[in-house]
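Look for subunit A in each of the two complexes below; its partner is subunit B in the first and subunit C in the second.
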Partner chain A sequence: MRTITFKINRFDGDRAWTQAYDLNHEEGKTLLWALTKIREEQDPTLNFTSACRHAICGSCAVRINGHAHLICKTSLDEILEIYKSDELAFAPQANFDVVRDLVVDWRPMTERLETVKPWLIPTEDGAADTGFIQTPKDFHKIASPTDCIQCGICASECEQLAENENFLAPFILNRAYRFAVDSRDAAPSEHIRPAFENDLWKCLHCHACVSQCPKGIRLDREIAYLRQESMKMGEVDNAGARHAYAFHDDVQSKGRLNETTLPLKTEGMLKTMRRIPFALRMVRTGKLNPLHFPKAVNGIDGVRRIYAKVKGGKK
Partner chain B sequence: MKYGFFPGCTLESAAYELMISTKKVAEALGIELIELDGWTCCGASHIQDISEDLSLAINARNIALGEKLNAPIMTVCNTCTLMLRTAKQRLDEDEEAKARANESLKEAGLEYQGSSDVTHMLWMLLADYGLENLKKKVKRPLKGLKVANFYGCHIIRPPQIMGFESHLNPQSMEMVAVALGAEVVDFDQRLACCGFHAVFPAEKEVMQKTGVNCLSAKDAGADVLVTPCPLCQMQLDMYQPDAQKRFEESIKMPILHLPQLIGLALGFEPEELGIKRHIIDAIPVLSEKLSSK
Partner chain C sequence: MLQYDVVIVGAGGAGMNAALSASKDSNLRVAVLSKIYPTRSHTGAAQGGINAAMGFRDPTDSIDKHFRDTVKGSDFLADQDAVEFFTTYMPDIIRELDYYGVPFSRDEQGRVAQRPFGGASSPRTCYSADKTGHVILHTLFEQCLKNGVKFFDDWCLLSLVVENGKLEGLVAMDMRSGEIHPILAKSVVIATGGFGRIYWSRTTNAFNMTGDGTAACFEAGIPLKDPEFVQFHPTGLAGTGILMSEACRGEGGYLYNNKGDRFMSEYAPSKMELAPRDVVSRSIELEIRAGRGFGEGMTAHVLMDLRHLGKEKIMERLPQVRELALDFESVDIIKEPVGVRASCHYMMGGIHVQDYKTCATPVEGIHAAGECSCVSIHGANRLGGNSVADVVFFGKYAGLGAKETAQNRSLGNPSLVSAAANEWMSKFSRMRTKTTGNNLFEIRNRMAEAMWYNVGIFRTEKNMVQALETINELLEAYQDTFIGDSSVKYNTAFIHYVEVGNLLKLAKAVAMGAIARKESRGSHSREDYTERNDAEFLKHTLIHKEGDLYRLDYSPVKITKYQPEARAY
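Let's turn to the complex of A and B:
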């Protein structure tokens, strides 16, 4: 009989330890099945949360071998196949405080959620009692972000949040986006500005959130949208925006990036001076040639015409 | 075997050694690389923050340049691969976006058709060239060299766009390292983010990550850390002295580009692969471990 070993992070509020449980393998089961079976048959003190078993309540997210999964919809066999191992490590979601075992504290995260005003600020075109008219096209803009079930997986995976508590978890940014693009919302900037002010440009572009989101929400595109809109609101004088424009402008001018002028464009002269030791060691090994200026690529006129066309064609 | 080669901006400047080593390795393996004429920066995961349509259009142009060669496009940079594949997926799935991009491309006398695949050298070695064929070319097995494989985000994530292998437990880098005769070490930060794309706005967090990533490899006993992405290489190598200031433990972890590791096994000397250009000197450990040719 094939045995699967589950090594589970335990925490009783005071003491933390790892405990191993063995189960006989059964085909076609979920990870939630395993935890439930362990609690029912081996250890009633094991704490975890779950409710709907249909990937809609968002309460059963747990880390398996380091990555967060909604365990009611994750196949045990698929995970065993991915890791080519009959031993799995279960841990509570990262970037949350742990209450007990696999149960995390949602209160601080919920308080952070309020930062972006995750509610509709209605236009005068409708009201709560009379309703609103929304075109199918406008409805589709909010369809995907509304799929979020606040399971916290994106927060657990987020590599910026791991280093910086001021960053808003991706699901919070999703909520800002969801109301900012809602045609019934009168004040998109009320949702976007708090996102900008809470380190929006510090997202590392690691795509860890998108990769594990059980609803396939394109958080990367949403974050890009929030950044675009923050710049339209005038927030262009920051390292993130200037960095993006350095790439944008270099491609338009020569087709390729000029690494020598990039720090200057992003940080300005004063901060760049701070990087002199860095620059010197780069010059010493030949990694940086301050005299190298990229020539324009073949077809640069076409590139510039593409820029003009895309910009001219903007709605 | 013939590929339209998309080098990406760093190969012309700070990661020029990756240009050198990629060309040497390709030639030794009998792979023809034809550099796309007039390629532009892929946007480096930044231009979509200004305009998604612009990011789409410039990469539709880049891919169209490859299509003219009737060959798949190959890169050696994770982010270039992700940017090109992101554009390709959108263009192939969204008729409206494709029509819009082609309206723009007309301005440059080009058209996106969707006939060229976009791959990375790592994937090409496994899927097209074959590890058995690679093994046959090894002249100096990297016996005793302990290698920590640092994938970098954009070769595995998001799986909806990359999808070559499991993003949760990829094995391609390890398979190549083993084929070259090296010893693979497992380490906590194997699939972590290097932070390069936010090194300016999030300097503090990124320097912290740089130190943790390198120390994790060091604590696992690695002689060198190897990555398939020049941006990860630059972050972990060029900024390592800055990251060191935050850590008491000495880091000193040499960071190699994947083609450099391959080149060493094919018999090239470190100097021929541009390894002298690195900030953290890899020559001493390589000389010690690979003493005889």
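Let's turn to the complex of A and C:
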């Protein structure tokens, strides 16, 4: 009989430990089945949260071998196949405070959520006794972002959030986006500005959130949109926006980046000076040649035509 | 001691809308207790839509048609004054939800989109793809955040304190700290959802749908109304019972038996797959019994075929359903039919509400709304799309009712509420240290088995009496069970112990009501009394709990416009 070992991070409020449980393998089961079976047949003190068991309530996100999953819809066999191992490590979601075992505290995240005014600021086109007219096209803009079940998986996966408490979890940025693009919302900037003020530009583009989101929400594109909108709101004098402009300008003029001037354009002379030791190390290892000012790439005309086309298309 | 003017128990659609209504008086202190984080609530699992006679898709639709369909769907057991109130003002609720920001699907003119649903004579179910409940739940949560509603997440209701028919307060556990709190309140709204978990694994319900508020009201002297009416949703996934939205049939899905026949032609020749849920569920079970299903035993099923809708329509209107079939049955409904079978879905019965305009119960100070309550607008069978509607609609009026109640009452007696809390504290400490006794999960599973096999879709006296005996034995066994967790903090084993106790009491009431109702009406289908019997049973069941005694009596049905007639589809 094949045995699967579940090594689970336990925590009782004071003490933390890892506990291993063995289950006989059964085909076609979910990870939630496994935790439920352990709780009901081996250890009633094991705590985790789950409710709907069909991926709509968002209660049951847990980290397995480091990555967060909704355990109700995640197949045990698929996970075993991915890791090619009959031993799995279960841990509570990262970037949350743990209440007990696999249960996390949502209160601090809810407080952070409130910073983006996560509610509709209605335009004068609608009223409580008439509702709104919204085109199917405008509805489609909010269809995917309102799929969010607030399971917190994106927050658990987020590399920026792990280092920077000021950053807003991706699902919070999603909520800001959801209202910013809603044709019924009168004040997109009220949702976008708080995102901007909370290190919006610090997202690393690592796509960890997107790859694990159980609803396939394109958080990366939403973040890009929020950044563009913040620039349109006049927030252009900051490292993030300057960095984006540097990319834009370099590629437009040469078809490639100039890595020597990039930090100057992004952070200015003073901050860049502080990076000199780092730059010297890069020079030493051949990563950077400060004397190299790249020429325009072959086909630069094509690049410029793309720019013209994109800009023309926007008009 | 915690003191609030209005305490709302449950943070689903009904509870949150009640909180928004009650908060309209800014002088009142309003708090919402929820055993889970608000957006985890089961309202979010509602898929297909919310009924309101907007007349967008079908200009001939009317409030009166919605009224008539609901009464006919209820097999004439609904109270018609309440149904008329509900159907008349539902369109206002849709406009209000739109204004709150609910992302409704839209028609070409930009109005809220509507689709056909079972038992409806016009397409009037407003929707957001197939996640209508989800988006409404999240929108109400957003509105609560906007209005600064005070939430107590991970707080579980233990009991209501009532003296001489009047509310004094309530007792609840803060699960994170393990502290048990007496809470004084001038009024409460119970909005804790249904108790489909009496069938444990044969239900579309979430794990936590254990009727905590219903059981607390039952204990506090409020009768349970019509508990025997249990809705079995025809299209649960064959293997897991997970819900495949009624929108599947609404959008044009077919049901096939193993002969390749659309068998609904035998049972509801005019409505076919769009007959109401009770009719379709029974038809599926009869096909399986006659050997025309697929598979055997617990996995027996019929097939639902959506392929003819085409990929585009499925992706636009039923994206979640497609995901669920893929994730849980490895079936892509664009390419193949999926196995479905009836699964317990909804409780028509519940806390006896005696004033539909305020959702007040017989106990002064206690209001109830949503699935936990019984107004009754659903009677013996609820129509699809009337549940999210009920939740949001009566949540609003219960909140307004509780606001008015609180404005006219003072806080209760602290020593009574403290005494009740102390009893729970002793019980908690006793259960934490008790290490032997009957296995709680076995008690729960035996209850579910007895209910599924004997008080399920088809019922007979003999089987139900047997189920009742089993439940009585289990209530006895429950007195000597143990939880196996000595922790104070976040002791879900103790919470589950409370939940199973609640389920047992409610299961007993379901069985009692079902045995006494010697007729077939709506979802209550008896093989020994196959006809509806208006002469004797056109009345609501009321079950009272007086200590350990369960007493049954009846109350009249309010009939205003539609006299009972044969119910054919």
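Quick note on the criterion: the second predicted complex is superposed on the first by the 304 of 315 C-alpha atoms of A that agree within 3 Å, B and C clash if a C-alpha of one lies under 4 Å from a C-alpha of the other, contacts with A are read in each partner's own complex, and residues count from 1 in each chain.
The rule we apply is simple: contacts are C-beta pairs under 8 Å (C-beta built on N, C-alpha and C of every residue); 3 or more make two chains touch, one makes a residue touch a chain.
Computed from a prediction, not measured in an experiment: that's the story for all the values here.
Visitor: Counting only touches as set out at the top, which of subunit B and subunit C does A:P118 meet: first, second, both, neither?
Guide: A:P118 sits against subunit C, while subunit B stays out of touch.
Visitor: Using the touch definition from the top, say if A:I149 reaches subunit B (first), subunit C (second), both or neither.
Guide: Touch partner of A:I149: subunit C, not subunit B.
Visitor: After the superposition on A, what does A:Q42 contact: first (subunit B), second (subunit C), both or neither?
Guide: Once the two structures are laid over each other on A, A:Q42 reaches no partner at all.
Visitor: A:S253 in the overlay: touching subunit B, subunit C, both, or neither? Say first, second, both or neither.
Guide: neither
Visitor: Please name the chain, subunit B or subunit C, that touches the greater number of residues in subunit A.
Guide: B
Visitor: Kindly classify A:S50 by the partners it touches after superposition: subunit B alone (first), subunit C alone (second), both, or neither?
Guide: second
Visitor: Considering only touches as defined above, state whether A:T272 meets subunit B (first), subunit C (second), both or neither.
Guide: neither
Visitor: Counting only touches as set out at the top, which of subunit B and subunit C does A:S189 meet: first, second, both, neither?
Guide: In the superposition, A:S189 contacts neither subunit B nor subunit C.
Visitor: Let me test your reading of the model: by the given contact rule, A:H207 touches which partner, first (subunit B), second (subunit C), both or neither?
Guide: In the superposition, A:H207 contacts subunit B only.
Visitor: After overlaying the two complexes on chain A, where does the subunit B footprint on subunit A coincide with the subunit C footprint?
Guide: The answer is that subunit A has no such residue.
Visitor: Can you list the residues on subunit A that touch subunit B in the complex?
Guide: Touching subunit B from subunit A are residues 65, 67, 82-84, 159-160, 163-164, 199, 201-208, 210-211, 216, 220-221, 224-225, 227-228, 231, 238-241, 243-245, 247-248, 250-251, 255-257, 259-260, 263, 266-267, 277-278, 281-282, 285-289, 292, 294, 297-303, 305-311, 313-314.
Visitor: Could you list, by residue number, the parts of subunit A that touch subunit C in their complex?
Guide: 12-13, 40, 43-45, 47, 49-59, 73, 99-100, 103, 105-107, 110, 113-114, 117-120, 122, 126-136, 138-139, 142-143, 146-150, 179, 182, 184-185
Visitor: List the residues on subunit C that touch subunit A in their complex, please.
Guide: Per the stated touch rule, the residues are 36-37, 39-42, 44-45, 92, 94-101, 103-112, 128-129, 131, 134-135, 138-139, 142-143, 145-146, 153-154, 176, 206-208, 240, 242-243, 320, 323-324, 327-328, 441, 483-487, 489-490, 492-493.
Visitor: Using the touch definition from the top, list the residues of subunit B that touch subunit A in their complex.
Guide: 9-10, 12-16, 37-41, 43-54, 57-58, 61, 82, 100, 103-105, 107-110, 153-154, 156-160, 166-169, 192-193, 195, 197-198, 200-202, 204-206, 208-209, 238-239, 241-242, 276-279
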